[in-house]
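Should a chain be cited, it is by its letter among A, B, C and D, assigned in written order, with residues numbered from 1 in that chain.
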């Protein structure tokens, strides 16, 4: 993995104010994937006390962006074109974990997927699965 | 529109901590639709200064939930099963506006769509289009 | 609407062997939209006798392609990047009708939506709603 | 895997006229997954000679249905609620292969995913990735 890609992935997490304000952390990444986490506070909940779908979509989509950014040419960046997220189980627990990976990196479009899990007792439970299409755009 | 439905829609916006912490407001609603708005602050931005996709998906999905809640029987509630959002233009401007409407209310599933717009100069610009499937569940 | 666009839309329906073999007809089109229809035969059914989801997705996606093709520059064509279709009601009846429209035509991506309806008695019933992202590519 | 589930999966492929008329074959299946294949003929092509997106969505969605059917209770069946398919590469080659698997089987909803591949030279190439939500319904 090149230094420009490494810098780009890190900047995507450092410079996105919404992501830092929620507390989403970049844990690990390399060519084609990244892993992120988020400690759950009450401010992230929906009306039944679970983590809000919007929080789950935010970590999933942003992590797809991180994974995609790890593979673009040095003078390029990525933006999300569309995202679909399926909510498999209620999101309860103390932290969200997300692993995103690229499934196809084309010249102008990148396709990525993300799995969002939470720890319940001794188990890691899959709570959401997400797929994003991203456009490759000139770096600003 | 019945009183239980009116109460349910209002509670969905009042009791969702993530929605109130972002500043999303319920503007208007009736049987099968609702309208919401959000004043944009810097804490909602992504790395290029636009509103983060996660914010756009949050207002779209939650508004779909409000629209769906306006049509369920008195002892029922709704939860999102899946959401797809297409990002049509960069989200720049001072406020997001969202209108969600139900396109099919079945006994166990409700399908809703949302349009997210922003004001640019004298124009209202469509920045995202979203579709959600929601499950009808017992009211807690 | 220009002649090259008119020709492109017509060719998309004439030259797609799968579309002609199913019997999908281009009914009408102009800048940003097209309408299509399909007479339902038993060979298009799924295991319960309804029209198969694959047929519904085919007419929806191809019609989105037709709508998108009506708006691209003269030396360009379109291909589908992704499609999501929601199945709102069982597809029973003698014909499918589809209206597709462009919701955003960018330089490299076009976003389109399609509604698929059937006639039941005196009513036109919405049986599916579909959204496609299409890439603008050089004309072959 | 129980006999009623085995019978249901087989019937889903035998009784769906659209699926048999295209030539889609059930290759193998067990609890939570199924594999299918389709020999490509010219009648399945789109305007550029590739396999039509509608064919790809049909095998993906129907295979998701087969995977879901392998896990439902004895008196239940499944129908597709929605499907999203991403088209990763042009679909050229002599046969489509599809592997579908369930990622979450709930009481009323099942979530499944499908990968569609083709052989190019010595490589198996991923040409599409698909996700379906299915409703669990009474067996007719």
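Here is the rule we go by: a contact is a pair of C-beta atoms (placed from the backbone, for glycine too) under 8 Å apart; a residue touches a chain by one contact, two chains touch by 3 or more.
These numbers were taken from a predicted model, which means no experiment stands behind them.
Novice: Counting C-beta pairs in contact, which comes out ahead: A-D or B-D?
Specialist: Here the pair linked by more C-beta pairs in contact is A-D.
Novice: If you average the Cα atoms of chain A and of chain B to get two centres, how far apart are those centres in Å?
Specialist: About 21 Å, centre to centre.
Novice: Per the centroid of Cα atoms for each chain, what is the distance between chain B and chain D, given in Å?
Specialist: Taking the mean C-alpha position of each chain, the two centres sit 32 Å apart.
Novice: Could you tell me the distance, in whole angstrom, between the mean C-alpha positions of chain A and chain D?
Specialist: Roughly 28 Å, centre to centre.
Novice: Could you list which residues of chain A touch at least two other chains?
Specialist: 81-82, 84, 86, 133
Novice: Considering only which chains touch which, how would you classify the arrangement: line, ring, star, complete or other?
Specialist: complete
Novice: Over in the complex, which chain A residues touch chain C? Could you list them?
Specialist: 81-82, 84, 108-109, 133, 135
Novice: Please give the residue numbers of chain C that touch chain D in the complex, ascending.
Specialist: Within the complex, chain C touches chain D at residues 11-12, 15-19, 21, 42-48, 52-55, 57-59, 61-62, 79-87, 90, 140.
Novice: For chain D, which residues are in contact with chain A within the complex?
Specialist: Interface residues on chain D, with respect to chain A: 84, 86, 88-89, 103-104, 106, 111, 113, 126, 129, 131, 133.
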